[in-house]
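Paired with chain B in one complex and with chain C in the other, chain A is shared by the two complexes that follow.
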Partner chain A sequence: MARAYDARTTIFSPEGRLYQVEYAMEAISHAGTAVGILSTSGIVLAAEKKSVSPLLEPVASSDKMHKVDSHVAVAVAGITADANILVDHSRLVAQRYSYEYGEPQPVEQLVRRVCDMKQGYTQFGGLRPFGVAFLFAGWDEQHGLQLYASDPSGNYGGWKARAIGANAQAATSILKQEWNDELDLDGALKLALKVLSKTMDSTTLTPDKLDFATLTHSEAGGVAFKLLGNKRMQKLLDETTLDNTEDD
Partner chain B sequence: GINAEYGTPPHLTSTLNKQPNRFIMSIMEYNGGAVVAMVGKGCVAIASDKRYGVQAQTVGFDFEKVFRIQERTFVGLTGLATDVQTMASKLEFRTKLYELREERQMTPKVLAHLLSQLLYEKRFGPYFTEPVVAGLDGKGEPYICAMDLIGAQELAKDFVVTGTCTENLFGMCESLWRPDLEEDELFEIVSQCLLASVDRDATSGWGAVVHIINADGVRTRHLKTRQD
Partner chain C sequence: MSDSLIAITGDDFVLVAADTTHTRSIMVVKESGEDKIMELDSHKLLAASGDNGDRNAFCQYVQKNSALYRLRNGTPLSTRALANWTRRALADALRKHPYSANLLLAGYDASPTEGKPGKVSLYYIDYLASMQQLPFACQGYAGHFLLGLLDNGWRKGMTREEARELLDKCIEQLQTRFVLGAPKFAIKLVDKDGVHVIESADA
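So, the complex of A and B:
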């Protein structure tokens, strides 16, 4: 019954739904899970790297995590090609702001601009929406560390912890139970790993299946966005497996 | 300026033709300034004065003319102060995007090319600034180059100069520079070249800053100079 109304993005169904937007969200639910967790000393972005084929050349840069400006980074869930357009657009937006104002763009403003672009594709042009959900992690002087999530409709929200992509509901229920406002960066890293280990369907976790990153701020050093290297990742895996076995 | 309020001083007007005093300098001399860059052994130096002036009057002595655009690449700009600042901002914009997209630093050669393009874009209404690029490339090789206001590049193996006292700077550098200068020697020589040159230029001086770039990092020193 819904099929008659999904040909055009820019119209509502009789029930008041936008089917193309919902279908875009369906596309995202097949993409590798990404998790964002706010802690007292930084934000953790973690993602499952879904490798399509062992023949694929490993790329130096990640297709799940991107730096947008010195003070903002994103984790991606969805159609990579769509994401690349939006990431590049957000980089331009951030630079245009700092060119004009001589300051880094406030994080929410940047998120809003990206979401406004996504929203446009649900209302004008007859083009399909972007099949991408983002987790934005950033720091600005006004509001400190912030985590935002956006979806294909152009909606966004600020979160303490959030999961997008495959098994997001399962991930969210774990986050609801385990997140607390006293988590430090290490605690957040372990929680992120715990969540991903439950949502990923692989039996053993190895660094090459995961992309972990932290965004931190210090008075002296400013904002730092770091992807965890293999060694650090392995160390985290070892530490967390030990924790889990102790619980059992 | 002053002449508009009080009239031109009598000793500066022509008694015959009553022409107004030619106190308006060329647009490139309006703010004044000097930048010099030199190649050393596995290192480069780039130095500038710190004066911010409006024709004859000095308005500030903390004016940044040399900018660290990449980790190991600096750009120094002289000419009209507003264009110095604008070009620095434009470069930051472009190099930031480059860094984010390519996930690597822009080499000095590429930066110079970009700078040249940005200037030539405005060929028939240019930015009144003549920049100098100084840095180390990926392999640690020194690179310097100068440009005119519409982007004509001049590559050099020894030194490049720009500003309102280039004649002085050329003379000093030609006399004092020699190849394979070690860092400490390079610092001394580039400082002497700059100071002696700006001291004979009314619109340059009021402090100086010298950056020495090598494979390990950058050393920045501020020089105490004549405050006139």
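So, the complex of A and C:
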């Protein structure tokens, strides 16, 4: 029954649904989980790197985390090729803004512009929507540290903690229980790792299966976006496993 | 060039003055009553000199775009961002359809943190799209007569009274020595409480 309303992206079904948008979300639910957590001293973006084939050449850049501007970064869940288009678009948007206004673009405005583009693909043009969900982490002078999540419909929301991709439901219930407004960056890193360890298939976690990053701000240094290196990652894994064994 | 604009900053205010004549070449279209200091929003002033048509059109363009930003984004542009936007607009038009307008943009920006004091700033932007943030500035021939006076007289943290005294001295100089020294100047001030009209342009 639903099949008749699938072909065209830009029409409603009789029940008032946009099937192509829903199918895009379905695609995302098969992608590696990404988690974003707001803490008092920074934002953590953490993601599962899906099926690392031993034949794949390791690349310096990540396909889950991207820097959009000096004050904004994103974590991706979904079709990588689609995501790359949108990440590039958001980089253009950010630079155009600072070209025009001589200042970094407020984070929510950037998110809104990317989402407006996504929305366009659900209403006109006859092209399929982007199969991508994003977690935007950024800092601006007006609102400080912020975390936003967007989906293929072009909707977005501001979050304290959010999970997208595979097992996002399970991740979200853990976040609901464990997130509190006194978490510092280290606490957020450990929480992110705890969430991913529960949602990922593999029994043992190693740095090459994970992409962790932090976005922080200081008066002196401005905004810093750092991808955690293997050594730092291993240290975090060791510390968190220890904590977990204590709980058990 | 025949218009005179003067602006002086204090720690928490900016005083802006502009002559009120409308002239064309050797003719006086209107001797006084022309208001060249536009109120862009509650806390920003844009004084402009140059051909009357370009001056009006460009100032309105800045004002309306500033309002559009505020409506779209729920928050006004900072003075610095608006100055950059204005400069960019002049620069883009420069080699296509230039505006002959010289500007002094003054504004007060509230602090994003509750309770912390905001800051004031003054930007000089000329018709070739040069821009500089300055503690005091002039547009037009006035600068030839007044920059030395202002160099000597301006100090950081002047009070409103001291700034007004300095401004009066400047205006007196123009009236004495400048062949186009207009009799009447409009004076406006911007601070944390908004825009205040000190001397109206109206005749």
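A few remarks follow.
The working rule: the second predicted complex is superposed on the first by the 247 of 248 C-alpha atoms of A that agree within 3 Å, B and C clash if a C-alpha of one lies under 4 Å from a C-alpha of the other, contacts with A are read in each partner's own complex, and residues count from 1 in each chain.
In this text, contacts are C-beta pairs under 8 Å (C-beta built on N, C-alpha and C of every residue); 3 or more make two chains touch, one makes a residue touch a chain.
Keep in mind it's a predicted model, so treat the numbers as computed, not measured.
Look at A:Asp88: by the touch rule set out above, it reaches chain B but stays clear of chain C.
In the superposed model, A:Asp151 lies in contact with neither chain B nor chain C. Of the two partner chains placed by superposition, only chain C is touched by A:Gln109; chain B is not. Once the two complexes are overlaid on the shared chain, A:Val68 sits against chain B while remaining clear of chain C.
Contacts of A:Glu141 after superposition: chain C is touched, whereas chain B is not reached. When the two complexes are overlaid on their common chain A, residue A:Tyr99 makes contact with chain B and with chain C alike. Set side by side, chain B and chain C differ in how many residues of chain A they touch, and the one touching more is B. By the touch criterion defined above, A:Ala60 reaches chain B but does not reach chain C. Overlaid on A, the two complexes show chain B and chain C touching the same residues of chain A, namely 99, 102. Interface residues of chain B, counted against chain A in their complex, comprise 89-90, 92-93, 96-97, 100-101, 103.
On chain C, the positions that touch chain A within their shared complex are 73, 75, 77-78, 80-85, 88, 112. Across the interface of their complex, chain C is touched by residues 99-103, 106, 109, 141-143 of chain A. Residues of chain A that touch chain B in their complex: 60-61, 67-70, 88, 91-92, 95-96, 98-99, 102.
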